[in-house]
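So, here's a batch of structures to check.
Two complexes, one shared chain (chain A), two partners (chain B, chain C).
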Partner chain A sequence: MRIKDTLENYAFVAPAVVIFSIFYLIPFLYVFQLGMFEWDGILPTKTFIGLSNFIEIFTQDKIWWNAMLNAGYITLIALTFQNAVAFLLALACDREIKMKNFYRLIFFIPPVLSEVVVGLVWQWILDGNYGMFNTWLRGIGLPGLAHNWLSDPNTALTAVAIVHCWKGFGWGFLIFLAGLQTIPRELYEAARVDGANAGQSFKNVTIPLMIPVAVLVGILTILGSMQAFVLIIAMTGGGPAYHTEVPVLRILASMRASSRFGYACAQGITFGVILVAISFIQYRFSKKERA
Partner chain B sequence: MRKFYLVSFAICIVAAGILISGCAPHGSKNANYITVWHWMTDREAAFMELAKRYEAKTGVRVNFELYAPSDAYSQKVRAATQGNTLPDVFGILGEKRDFGAFIRAGHILDLSPYMLANNSEWKNQFFSKALAVNEFAPGNNYSTPPGIYGVPIDVMTIQMLYNKDLLKQLGFNKPPKDFAEFLEIGKKIKEAKMQGLVSGWGEVWMIDCFANGYAFNIMGKEKVLNTIKGKVAYTDPDWVKVLSLFKDMQDSGILATGLVTMINKNAEQLFANSRAVFAFNGSWCVNVYKGMNPNLNYGAMLPPKVSEKFPMSIWGGAGSSFMVNAKSGKKEEAVKFLQWLTGKEQQQYLAEATNNLPSNKNTLNKLPEVLAQFAGAIESSTHPNVWGVSEFPAVIEAFDKGIQSIIIGEKTPEQVAQHVQSVKERELAKKR
Partner chain C sequence: MKVKSVIYYKIKKVSVNVLIHLFLISVSVTCLLPLIWMVVSSLKTQETIFRDMSLIPREFHFENYYHAWIEGGFGRYFINSILYTSLVVVGIVVISSLAAYAFSRFKFPGRTILFIMFMAAMMIPIPGSFVPLYVLLNKLHLRDTSIGYVLCMINVGLSTSIFLLKTFFDKMPKELEDAARIDGCNKLGIWWNVALPLAKPVLAVVVVFNALNVWNEYVLALIIFDSKHLMPLQVALMTFQGEFITKYPLLMAGLTITALPIIIVYILMQKYIVKGVTQGALVG
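The block that comes next holds the complex of A and B.
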């Protein structure tokens, strides 16, 4: 009877385990295995080279680490600027304002648009010759600022990062808004009865209760921003030179341009481990803060 | 509970069935049905029309399956090699090294016996340069058995284009005859606040193509190939001279602003709308410009020479080629279809419908003016896939990205040459 119960329990869990194994665990292990081979993705034969690919990434591939830094910069801007905007807008829409459903809809439009389309449209807006942004700058009497935003190494990465924020702030907005709406209104009323003003209510009620939501948004922002690449392909292709290269573009370059599938797999594993580590550190840090 | 077990079991069976059927070889076993994979969106309608004609003539249905963009197509073909799901006919995008790997893995049929049959009747109808891209010579560096492995369906050359009206506005009735005159025009363009040369230099391979032409012109083919073989360093004065051309062009004002991140589609729009004086583009552009601006008044020319010592070269040869799946059960039918597709009448139709240069040299009599200029440059064409040696991808990337750095004023030609040479030495050491 007990064995039957155990088997039944396993039977319930088995479909999820099988699906998780087929689509996540086995591919991950296979990619890790491929990372230890020199393979062009075509020939059936692969040459085992141990950890050489990983050693090359850590000791020789300066472009890879430069791409990591670029992704880090985009992530930093997204974590601060994008999430600040998302939180402020969520706060605004959480109040009893007119047409708040309309605003919610508008703010959520960018995330649902195709990244390629967004990239191409912004490339056109920021174009140095016929772009709308430069025309606008000239129109408001700032012709000195007009230049080619995406071809200038000093502005290309920031321009891409800001477009990435524009594209992604809607997700943060939605999650923050959902979080704000779960805060019991009684807490604000109690604070008011205790003599707290709006600022004190925000500091002592809203912020502490929003920390778990902020952690979630933060982790999602890190994962999304570090992996950004479609927008970058559409806007700059990684250029000028290596100024907007990001890790996923380097993985693609290893696969497509160099036909080094094994190396691309090693890059993918390294990147994945770094992302998990960053998310874990952030989670632990925020847990400590909450405590 | 029994119902649950039954449902679970049924789901597992269905899932297994789907997985197993996904591993089955692609295409039906019906001999009257050929599947062709391609990436050429601009030729889709023409291919469909030709498929209809072939079916009416032979009763064999040809199913053209389009997978675009080309990057996605490339990955699909590679993935299909692992699952043995390649179609009867397909094309390969990539370098000769990858082409060789497909052959060594047994995915591509050697077409030499068909090409050489009846006194090389089929082979002789193609431009030799178009066929060369698909050929592996005995003792080649790719360890690939010698043979002809692909059928060119069109040819292409990549040249310089000039807008006749804009040049006239600047006071020039003819295109520049040499590089010095080209730079002079650049100064006039800068004064007139116009845009000079546009091209897809954001997609770095076009920079490589432009630079290689000048490398051939400045130092000759032999020295370029010796550099690839590792016998000449990229720090050689001739290579520095090649890199310096980009600084000279940037300083003169001939390069359009934003060129380093410009994709070819944008460059084509700018040139077609008469917003740029020069363009560097392939012969496929004739069809593109026609669609964007049928009244565009332009001509094609070889990039202006720097030196008289060696001839100017441009990239060219086979534009697109089709290969026959060596593991297909319908090899003979596939070869017959390709023989028909490259026949004079079909090639004429393809050239007219798509404005691409036909691979069949007997079809060149009725071409529009600009396309004829592209065709005339075939003799000056070369391509890395016919050099017999391949540069390391990391070196090509360092070279092309280095040129972008020169254009944006971040590095000098000497610094780029040093960096490219260091990457080359690292790759050579790795190979050893």
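The block that comes next holds the complex of A and C.
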């Protein structure tokens, strides 16, 4: 009876565990193994090369580290510009104003769309010859600014970063708004009774209580923006001349274009370790802040 | 003096409100304009799309949708996406609710470690996990098959769904289940007849989130499918864009076909999406 009972319990978790083991655990371990081989993905024989892939990444692969810098640039813009806009919008929607729900509805439309759809629509809007954006620039009397945003090396990465922000700010907005709504109204009331003006109560009530939320949004923004790549495939494909390359795009290229499966895995491990390190540092930082 | 200050505050309040609305409206316009432009472009012809920059086209060429659906193959891809999305969502709901119920209610050796394993998977990013997945699916002869893609996507949604459901079950009172047990209901019967119906609010969150996720997924579909007739919308859009670089009206129609169901689902299920985002954020 006891044994039957335990077996029954295992039967409940078995489907989940089986799928998880095959499609998460095995690939997870497999990455570490493949990372030490040179393999084209087709031949039955793999060549063991130890840490050579990693040495190559750290000493020769300039495009990889350039892609890392590009991802860092996109992340920096998302952290500052996107999150500032998200926070301001959340502040604006946290008060008693009309159409609050309408705005909230609109702001979360870009995040529910796919990166492919967003990327292709914006590629069309930013088109150098027939794009709506250039037509509009000419219309408001700035024809000098009109040019091919996505194939000019000077503007391509920033254009991609801005579209990334357009797609992502709704997340930060919703989380900030939820955070603001948990602040008890009595605190503002008390601050006002004590003679604080709007600015002071913002500085002494809102800001300190929102720091944990801001750290959370920060971590989510970093992890999301560093790994963004589908949007870039749809907008520029990494071009012009590697100017919008990002790490995950390089991993995909190592696998599909160069047929170097081992190297792609080594790149994946390198990037994964960097991401875990970043979120760990931020987590420690936020703990200190709260203490 | 007093009247003056009342008027002063009134004016100040109104102008602050006007400024806030201007800000909110301008951001809303920025959100909507690209999508309106997508729909407008899908209604122009190959000729007019490069010349006619007006927001309201002179003629509405709805036949673009017919062409995209039949000749562009988007009808086929649409059905594929619907099929994958529904299979994955049903799979995740059944598998993750079974597991979450067991993690919440039953005691068995290895329970904690298994649960921690699922949660760790949610925290640790493995960028480029598609590389070993590709190799593995090749070995299992599951690459370029629908079932291979569906199983991969079930796995993608599993951890978060188990987490959401277990959190709900932990807070759910046990009395009803006890009553069912006394009435002679077995574990599976209690899960199906008592626990699942009570969990409807979380299940809605799980369904909506996973549906959006599968519908919008790109990279796994890209590496798994070679056969065109199996592709879901996202991959098909990129392929179409690569092959027919100049057929913008049809591409825009395809994009609209892809985006519209998502926007409708979002508007109908907004409540659950907001709940999911804020709850999901608490995980971190």
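To be clear about the criterion, the second predicted complex is superposed on the first by the 262 of 291 C-alpha atoms of A that agree within 3 Å, B and C clash if a C-alpha of one lies under 4 Å from a C-alpha of the other, contacts with A are read in each partner's own complex, and residues count from 1 in each chain.
In this section, contacts are C-beta pairs under 8 Å (C-beta built on N, C-alpha and C of every residue); 3 or more make two chains touch, one makes a residue touch a chain.
No experiment lies behind these values; they were computed from the predicted model shown.
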item: Fit or clash between chain C and chain B when superposed on chain A; value: clash
item: First, second, both or neither for A:Glu115, with chain B first and chain C second; value: second
item: Partner chain in contact with A:Glu8 - chain B first, chain C second, else both or neither; value: both
item: First, second, both or neither for A:Gly72, with chain B first and chain C second; value: neither
item: Partner, of chain C and chain B, that touches more residues belonging to chain A; value: C
item: Chain B versus chain C as contact partner of A:Ser258, first or second or both or neither; value: first
item: First, second, both or neither for A:Phe107, with chain B first and chain C second; value: second
item: Which of chain B and chain C A:Ala156 touches, first, second, both or neither; value: first
item: Touched partner set for A:Gly41, first chain B, second chain C, both or neither; value: both
item: Which of chain B and chain C A:Leu88 touches, first, second, both or neither; value: second
item: Contact residues of chain A, present in both the chain B and the chain C interface; value: 8, 15, 41, 129-130, 255-256
item: Residue ranges of chain A in contact with chain C within the complex; value: 6, 8-10, 12-13, 15-17, 19-20, 22-28, 30-31, 34, 41, 85, 88-89, 92-93, 95, 97-99, 102-110, 112-118, 120-122, 124-125, 129-130, 132, 135, 166, 171, 174-175, 178, 216, 219-220, 223, 227, 229-230, 233-234, 247-248, 251-252, 255-256, 261, 264-265, 267-268, 271-272, 275-276
item: List of chain A residues in touch with chain B within their complex; value: 8, 11, 14-15, 40-44, 60, 123, 127-130, 148, 150-153, 156, 235-237, 239-242, 253, 255-259
item: Contacting residues of chain B [partner chain A, same complex]; value: 1, 4-5, 8, 11, 71, 74-75, 78, 81-82, 94-95, 97-98, 101-102, 104-105, 107, 195, 202-204, 256-261, 263, 266, 270, 275, 393-394, 396-397, 401-402, 404-405, 407-408, 410, 426
item: Touch list for chain C against partner chain A, complex; value: 17, 20-21, 23-24, 27-28, 30-32, 34-35, 37-38, 41, 49-50, 53, 94-96, 98-99, 101-103, 106-109, 114, 117-118, 121, 124-136, 151-152, 154-155, 158-159, 162, 187, 191, 212, 215-219, 223, 234, 237-238, 241, 248, 251-252, 255, 258-259, 262-263, 266-267, 270, 273-274, 277-278, 281, 284
